[in-house]
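Next up, some structures in structure tokens.
The two complexes that follow have chain A in common; it is paired with chain B in the first and with chain C in the second.
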Partner chain A sequence: MKSDKVDVFAYAERRERRKNSLRKSFSVTTFLGPYTASFLLFFVFPLVLGVIMSFSKFTAQSFLPSSVGTLDNYKILFSDTAIARDFRNSIWTTIKFSLAIVPLSILIPLGLALLINLKPPGYKFFRAAIYVPGIFPLTATGLILMRMFDSHYGFVNSVFDLTVDWFGSTGACWFMIGFFCVWCGIGGNFIILCAGLENVDKTLFEAADVDGCSAWKKFLHVTLPGIKPQLFLTLFTTLIGYMNVYGQIYILASNNPDLSSMKSAVYRIQDLLTGFNPRAFGYAAAMGIVLGVIIIFIAVIQLVVSKDKKGGGKRVAQFKQWKENV
Partner chain B sequence: MLRSSSNGKKTSKTVAFVSLLIISILFLLPVIWGVVGSFRSSEDFFNHPESFFPSSWDAFTFDGYAELFSKTEFVSSRANEWYPIWNWLVNSLIVSVGGTLIYLLIASLAAYAFVFLEFKWANRIFYFLICTMTIPGIVSTTPQLINMNLLGAYKSLAGLIIPSFGGVYGVFLIRQFFLSIPKDLIENARMDGAGNLRIFLKIVLPLGKSALFVQGLFGFMGAWNDVQWAQLIVGSAPRSTWTLAYGLKVISDQCEAYESITLALASAVIAMIPIFIVYLVTQSKIIEGVANTGIKR
Partner chain C sequence: MKKLLALVLCVLFAMTAMLVTACEGEQTPAVTPPEGEGDIVRDADGNVVYDNVEIKMWSVTTGDDANTQDDIIARFNETYKGMIKVNVEHYSRYDLETLLSSTIQFDKEKAPDILFNHGSRTAEYFDRGWLREVDYFFGKSGATFDKPDFVPSLLESVVIDGKAYGMPIDCHSAIMCVRSDILEKNGLSMPTNYAELCAVCDQAAALAAANNLWIRGENSDGYKSDEWRKASTAQPYTAFPISFGDMWVHEFVGYSAMVQNGGEIVASDGMPAWNSAATANGIQVLKNWIFPTATSQNKSAMSIDYGSSYDVGDAPFNKGECIFKLQGPWAWQKEKQTFDLLLSKDGGSANITTRSLTFMFATDTSKPCASKIKGEGHAITLLSTVTSYTKACAATVFMDYMANFSGIEWAKRGHLPAARSVSAANEYLSDPAYNEYVKYWGEPKDYVVVAPTKYYSYVDSYFKSAVQKSLAGSYKDRNVADILKSEYDDCIDYINLYA
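Moving on to the complex of A and B:
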């Protein structure tokens, strides 16, 4: 009799546990299900498909690969054909443009944030005014810019009596693209740096005042270390962002006679895709992967360097030691 | 000593005020020029390009808007000048509002599961998701286009909306916020016999409103301003399925001739108005949200 009773309890407990775990897995499925499905379908699947596509042959008839297992797409990118030269040039263009625009996209907002941080009257309005051009569609602000800097009847050329063809000549066009990137692109960095400056420990400044530090010394030894996380964050996101530059060039340079030399890497990929010629999909996928690897490489370098700074140059020391041993 | 330092502070404040005033004016100048210009007649641009405002009261017109709205209907004899701007406006709204709301629902359900349903490997799966964020989007642009084709979403608004559902960043942001909700609150509700769905709807969502709002704003602005993906998905579709941001690019290219400058500026203003209203209403939230990305890490 006794053993029977125990069995019943054990059974009830087992049942209860099973019911609970069933209920739990049911709610995990309902809550995580939609996201898991979309993550697999819209993130994982394209990623896998992209790798497969880059190793596939395409015919003009179908947007699905005709045969898989070839290195042709990559071989072409490193060969001496027009498409390969264009792509390699576009990568150089992208890197050069990024190296030019990233310092501006950090230093200008840093300067502005320092001014805001002095809290002059109306600083909230100024902060909003500097941020506002970036909220609009690039096509809208770009359209206005193109009209305002028009070579014949543009406001700027007429007022200053200039004859510069701002979008027709290559040098001036790059200048305008840079101007556009600063005008409509620094808002995020600017706000992040403003917030960083606001959070620097005020007592440090007081201590520096007591020690009689000059303003420059205070900036170098208190302000800059205080906003280091924000500086690294903005550097990281801005550089990666501009390695993907497309819109600004597409909008401002589309009438430039020298457009093909101004195209960025993403522009080249976009060109292959807008034609929707299935034959080009293999190249486009391979180009995407090559560019992606370059971007990840840059990101890793940045991460290592920034870790170094935080870790007191541990890695530099390691590297020096390793070099000595070699 | 004290007085000189407060004097120094005063001068630096004045210098900051003057320079910020000049810089803000420079930043706003092109926008204002564009908005004012949309109310000028084309001849006025032609005759008085050096004038910032309409050169006379006669030059102040609504011609640009009138011309733009006269070209919203398809006329086969001038198919190239068909700018169905109301369709574009509605399409942009569908993509940015609809897509954002659905993504918010999907992402907050997932964030709830990661924080409050203690399932096996919850944290490991989440860190795996974070790691995938390092993969640049350009890698999957081409295959995503094929994917949309397979799903029948190519050349349709759906193709602009659904790819964003797989995004990790929103789940990450919302999860960070949910983590700050006291676990006791959830446990108490469970003791009282509330199910997960009820807890999610009645406790977690109301508490996480502001996080969802900020994420929603960024999603909205990103979708509203997108040109690159729109060009691929709807660029070769009939004009009535375009979005406003993409349509503007075509207007800008086609209005190189000076006669239609007011039309071009009017369309730019129409694209800017909705996002500007959103910005005015939610300004502090947006700035706070951007600022937080740099602070809370």
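Moving on to the complex of A and C:
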């Protein structure tokens, strides 16, 4: 009789556990399933396919490889051919451009976010106005810029009595591309940094005031550490974004006689697909993988450099020594 | 969880690898040569029976061109009602090829049967296995394809290894718009060749410098638009603006300067042939246009350095600050409308006229090549996706109609007929539009298009780059031949990758 009782309890427990487990699996599947499926289908699968394509050869007739398992595409990328030279130059161009534009894309929105954080009259309007250029398509904004800065018929040259060919000379064209990137690209970073500034603990500012900190020291020791996660997020995403720069150069530099030297890495990859010739897919995929590896490398360096220095064992040892001395 | 994710990734990688490896070598099958009658049904007289055959065509035309083409196709559909119906979809040149490429690869059922596109792409499309030869189906349908009747260059663009893969329909290029009122008022004559053009431009510049050049048009100086005024002496008068940023220059003028001076675009093996002294001479003509030298034909600049600006002739032409400008022939009607308004009180559009580019860049007009114009020709090609022989036969009937019966209506939009019999027909020559402006757009026989090459994209893009650099102020000190050589070497290097 007793054992029957125990069995019933055990059965009920097992049943309840199974029900819970099912309920939990259902929730997990419902919430994570669509994301996982999309992630596998639209991220992992193309990535894997891209890697395989980079080791494949193609003919003009098909998007499918004619042979798989060749290193030829990579050998060509590291040879002394025009394609290899152009690709290496484009990588270097992209890195230089990113190094120039990323600080601006962080510092300008940071400055604007600090100003908006002071909540001056009409700050909500300014906050929206700063974000607005980013919501227009690149092509539309690019065409507006091209009209505004046209060397002969643009009003900028006309009003300021300039004779600069903003899109024809290489230096000026880079300036315009940078301007275009900042103009359209700061909105996102600005919003992230604004949100970060809102969340900085106000009591820390009060404490700093009590300690007699100057505005600069408050910024350096309270504000910046307070928005550190947001700063790193923007730095990370902006750098990756500009390592893939394409549209801005395509739109503004298309009439530049020196376009060849201005092409970014992604532009070169796109170039290979001119005429949509499947033969180029292998090279393009190899270029994409090489570019991806370079971006990962830069990102890892960035992560290592920006990692919190916890001090760990050294600090503990120092503390122990101090305690002993005391 | 991490192990599970790693497992899923490994499985996915393996599956993708297996999938790709399984597909390895499974290429799109080569287009099999046609044989037999297929699904063709013939009546008692041996004619092909077309029973509501529907053909899908993708066309590269857009805007007003598309409207005109729709009208022509509507007339065809009306003529062949109950037999053949052509359904056309228009795409811009920027979208067409991407869409076609992916549709033929992945969604063949939605692919068109025929394509109305630039004939110069035929070799590339053939290389990808997208095309079917048409001679066989012309033979079956009984429709006419009288090859000797077509302008040789246009016909060659659709013929590969002796087999035709489509039918040339028309040719077009950039044209010159001319302010005939300014020429007349200042006693300047209409130029008919490069030397005369340089002379007219030099005379206009000299008159302007002496404050003696009469101009009129849009202005902000308080003059009425039809009121004559003296051209400003503040800056040199340049009668024919061009720029390296202008599409007309890098699409048509650069090539025309090349062919008029004896240069060739493509060699017989499909490789670029523009790295030559003749081409360099032609491009030098354009460089001198902006940067004259002591030895150049033009003594004063015919254009200021507009750099990367485009459509640079539009504003000065309307203001009277230049006499000539480049334009597409399809925009001629709009030009006329503009001047009908601008000079409405004094003749309107009668104050402007148009000329072709023939002889306009040739340093030696006695050479046969001096009259050549680099153009672009539309052709209708039969795609490998055509689903039946009857459809292919119906397509040839439609090609015949488009080449031989769209005539003057299509020419009014700047598309001169590829068939010589059409341009010589009384119906064509007696149309008022012909006498008014079409006849000034040159003889179709003078039009040269890029010969078949599967490397078209590279041949074209590197030549354009060479032209742009040659005309750019930043490359002013660099020799044209050097620029051509450098671009040519890069072009060859890229082409060899695919060889």
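Keep this in mind: the second predicted complex is superposed on the first by the 261 of 326 C-alpha atoms of A that agree within 3 Å, B and C clash if a C-alpha of one lies under 4 Å from a C-alpha of the other, contacts with A are read in each partner's own complex, and residues count from 1 in each chain.
We adopt the following convention: a contact is a pair of C-beta atoms (placed from the backbone, for glycine too) under 8 Å apart; a residue touches a chain by one contact, two chains touch by 3 or more.
Keep in mind that this is a model prediction, so the values were computed, not measured.
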{"item": "Clash or fit, chain B versus chain C on superposed chain A", "value": "clash"}
{"item": "Touched partner set for A:Pro120, first chain B, second chain C, both or neither", "value": "first"}
{"item": "First, second, both or neither for A:Leu64, with chain B first and chain C second", "value": "both"}
{"item": "Partner chain(s) touched by A:Gly292 [first = chain B, second = chain C, both, neither]", "value": "first"}
{"item": "Which of chain B and chain C A:Ala284 touches, first, second, both or neither", "value": "first"}
{"item": "Which superposed partner A:Gln321 touches (first chain B, second chain C, both, neither)", "value": "neither"}
{"item": "First (chain B), second (chain C), both or neither touched by A:Ser56", "value": "second"}
{"item": "Partner chain(s) touched by A:Asn255 [first = chain B, second = chain C, both, neither]", "value": "both"}
{"item": "First (chain B), second (chain C), both or neither touched by A:Ile76", "value": "second"}
{"item": "If touched residues of chain A are counted for chain B and for chain C, the larger one", "value": "B"}
{"item": "First, second, both or neither for A:Thr170, with chain B first and chain C second", "value": "second"}
{"item": "Stretch of chain C, among 96-104, 132-140, 168-176 or 186-194, that runs into chain B once the two complexes are superposed", "value": "96-104"}
{"item": "Contacts on chain A seen with chain B and repeated with chain C across the two complexes", "value": "40, 44-45, 49, 53, 63-64, 152-153, 255, 274, 276"}
{"item": "Parts of chain B lying in touch with chain A, wherever the complex brings them together", "value": "5, 12-14, 16-17, 19-21, 23-24, 27-28, 30-31, 33-34, 37, 45-46, 49-50, 52, 105-107, 109-110, 112-114, 117, 119, 129, 132, 134-147, 149, 162-168, 171, 195-197, 200, 221, 224-225, 227-228, 231-232, 235-236, 244-246, 248-249, 251-253, 256, 258, 261, 264-265, 267-269, 271-272, 275-276, 279, 283, 286-287, 290-295, 297"}
{"item": "Chain C to chain A touching residues, read off their complex", "value": "8-9, 12-13, 16-17, 20-21, 23-28, 30, 97-98, 101, 105-106, 124, 127-129, 244-245, 306-310, 312, 315, 454, 456-458, 461, 465, 468-469, 471-475, 489-490, 493-494, 497-498"}
{"item": "Contacting residues of chain A [partner chain B, same complex]", "value": "24-25, 27-28, 30-32, 34-36, 38-47, 49-50, 53, 63-64, 112, 115-116, 118-123, 125-133, 135-148, 152-155, 157-159, 183, 187-188, 191-196, 199, 209, 229-230, 233-234, 240, 243-244, 246-247, 250-251, 254-255, 265-266, 269-270, 273-274, 276, 281, 284-285, 288-289, 291-292, 295-296, 299"}
{"item": "Parts of chain A lying in touch with chain C, wherever the complex brings them together", "value": "40, 44-45, 48-49, 52-53, 56, 59-68, 76, 81-83, 86, 150-153, 165, 167-170, 255-260, 274-280, 283"}
